[in-house]
Amino acid sequence: MLQQQSVSLDEARRIIDAAEAKAREIGSASNIAVVDAGGNLVAHVRMDGAWIGSIDIAINKAFTARMFDTATKDLAAMAQPGAPFYGIQQSNHGRIMVFAGGMPVLRGNQVVGAVGVSGGTGEQDQTVVEAALTGF
Amino acid sequence: MLQQQSVSLDEARRIIDAAEAKAREIGSASNIAVVDAGGNLVAHVRMDGAWIGSIDIAINKAFTARMFDTATKDLAAMAQPGAPFYGIQQSNHGRIMVFAGGMPVLRGNQVVGAVGVSGGTGEQDQTVVEAALTGF
Amino acid sequence: MLQQQSVSLDEARRIIDAAEAKAREIGSASNIAVVDAGGNLVAHVRMDGAWIGSIDIAINKAFTARMFDTATKDLAAMAQPGAPFYGIQQSNHGRIMVFAGGMPVLRGNQVVGAVGVSGGTGEQDQTVVEAALTGF
Amino acid sequence: MLQQQSVSLDEARRIIDAAEAKAREIGSASNIAVVDAGGNLVAHVRMDGAWIGSIDIAINKAFTARMFDTATKDLAAMAQPGAPFYGIQQSNHGRIMVFAGGMPVLRGNQVVGAVGVSGGTGEQDQTVVEAALTGF
């Protein structure tokens, strides 16, 4: 039997609150999503004025970060033409997002969920997702 | 020019809080989703222990309620074999949910968004979604 | 933090072995799939001669049984025209299977995964999936 | 009349066992999948701790290796921007994987199936898939 810890809704909300505070601070209206250890959505918010097209991206950045237990920005380099994982974007029914803004949530060294942020530049999304983790 | 009012994130959260309180009261762990006037997701929560398969259903019940400005339970009757909208389930990329738990959110007689609840029996989901509207 | 137990690969193999033995006994070449607590595939086998079209069905029966923590045969009744969950088949991107052959795997009263069997009649699939659980 | 030989479930299991032994030796928790001569899944395992996002990739690497009777790592070069098969990734409903880890299974010079491995670096996946073939 495998033992798996996974983020609760309360924890997901604290993660989202931390992300939202930072997003407001830097003026980047964002979608913020949290998935559990199985990659399934726990909570999502779209801040007023955030892109509608970023709903799906935020959810899928969180999904991606859990699928490969990695920051989506690190996957970006590996998914470029000529790089070892070029083409990984096609997998998992097109849900793999290979740009900044998704991070796994760790307790010790077990991945217990992931966060995805979308709505700003790659740099802004990355700033917000890193702030999100401080809420955990 | 059209003027469209739409639920804000703050309002979506109040709607979700009201739903969650009722869900807890009746012991029905639920997914709760709110969409805006465009049918696009504003916020979603999955209560601890709620069915994973209900994430998609809650979001799509809210979507459905806004797509046709109607309670999904009323759509159920019209979508049965032999009824006038039989087959509507295939439309909109399979996102139309024809059972109880989705309701439009109205201000005056303008639909400004919708809520979807999934996780219990049809009756429980309907009880929770009606409570959700009192949060608005 | 939520604590979730989930089937290991060793356990999935024992579940599959028990299913395969029963399938052979009743002469019903089957696809057998096991998913974990997150609904994600752990292991799958297709017995020689089993339907190719049943690969997807076995995997999705297991997925369905975990999505709603229920036997897929019980979902069948609820998904009929006029019944409370008519239309649930459209949800979750068409992955919901509403006929016999999928069962959740429980330890105590926690669902730790699910099994799906496809290849025979509904009755045969149900016989095989029930045998599968004895392997756990 | 065409005569087609195809891997049996027993053979698929021996292939998987050989892959799993190598994966354990090099410490690369892997998803391993075997498809038959028709490109359809015969068996899949996800080793404990292997990436969830690699389930789909392992199955599709095996699929790809059979679709074009080629090692997926050789396809990688041909699928780069400017190369002759650039865009092949979009074909076959997004199931074509153009990086290392998929190999056809041959008897004599007839392709009788294929194996796909995903979970490590491209180099690790390639090492494991080559070991897989020794099980045949």
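Just so it is clear, A, B, C and D label the chains in written order, and each chain counts residues from 1 on its own.
What we mean here is this: contacts are C-beta pairs under 8 Å (C-beta built on N, C-alpha and C of every residue); 3 or more make two chains touch, one makes a residue touch a chain.
Quick caveat, the model's predicted, so the values are computed rather than measured.
Colleague: When the contact pairs of A-B are compared by residue number, which of A-D, B-C or C-D has over half in common?
Modeller: The A-B interface is reproduced by C-D.
Colleague: Centroid of chain A to centroid of chain D, CA atoms only: how many Å?
Modeller: Each chain reduced to its C-alpha mean, chain A and chain D end up 29 Å apart.
Colleague: What's the distance between the Cα centroids of chain A and chain C, rounded to whole Å?
Modeller: 30
Colleague: If you average the CA atoms of chain B and of chain D, how far apart do the two points sit, in angstrom?
Modeller: Inter-chain centre distance comes to 42 Å.
Colleague: Can you work out the whole-Å distance between the CA centroids of chain C and chain D?
Modeller: Centre-to-centre distance between chain C and chain D: 25 Å.
Colleague: Two-or-more-chain contact residues of chain C, please, as numbers and ranges.
Modeller: In chain C, 2, 8, 38-40, 93 touch at least two other chains.
Colleague: Work through the pairs of chains, note which ones touch, and then classify the graph as line, ring, star, complete or other.
Modeller: other
Colleague: Which residues of chain B touch chain A in their complex?
Modeller: Interface residues on chain B, with respect to chain A: 8-9, 12-13, 38, 40-48, 52, 55.
Colleague: Given the complex with chain A, which residues does chain C contribute to the contact?
Modeller: Contact set of chain C toward chain A: 1-8, 11, 36-40, 93, 107, 112.
Colleague: Quick one: in the complex, what on chain B touches chain C?
Modeller: 48, 51-54, 56-57, 60, 76, 79-81, 89-90, 94-100, 121-122
Colleague: Where on chain A is chain D touching in the complex?
Modeller: For chain A paired with chain D, touching residues are 2, 38-39, 64, 66-69, 81-82, 84-88, 90-94, 96.
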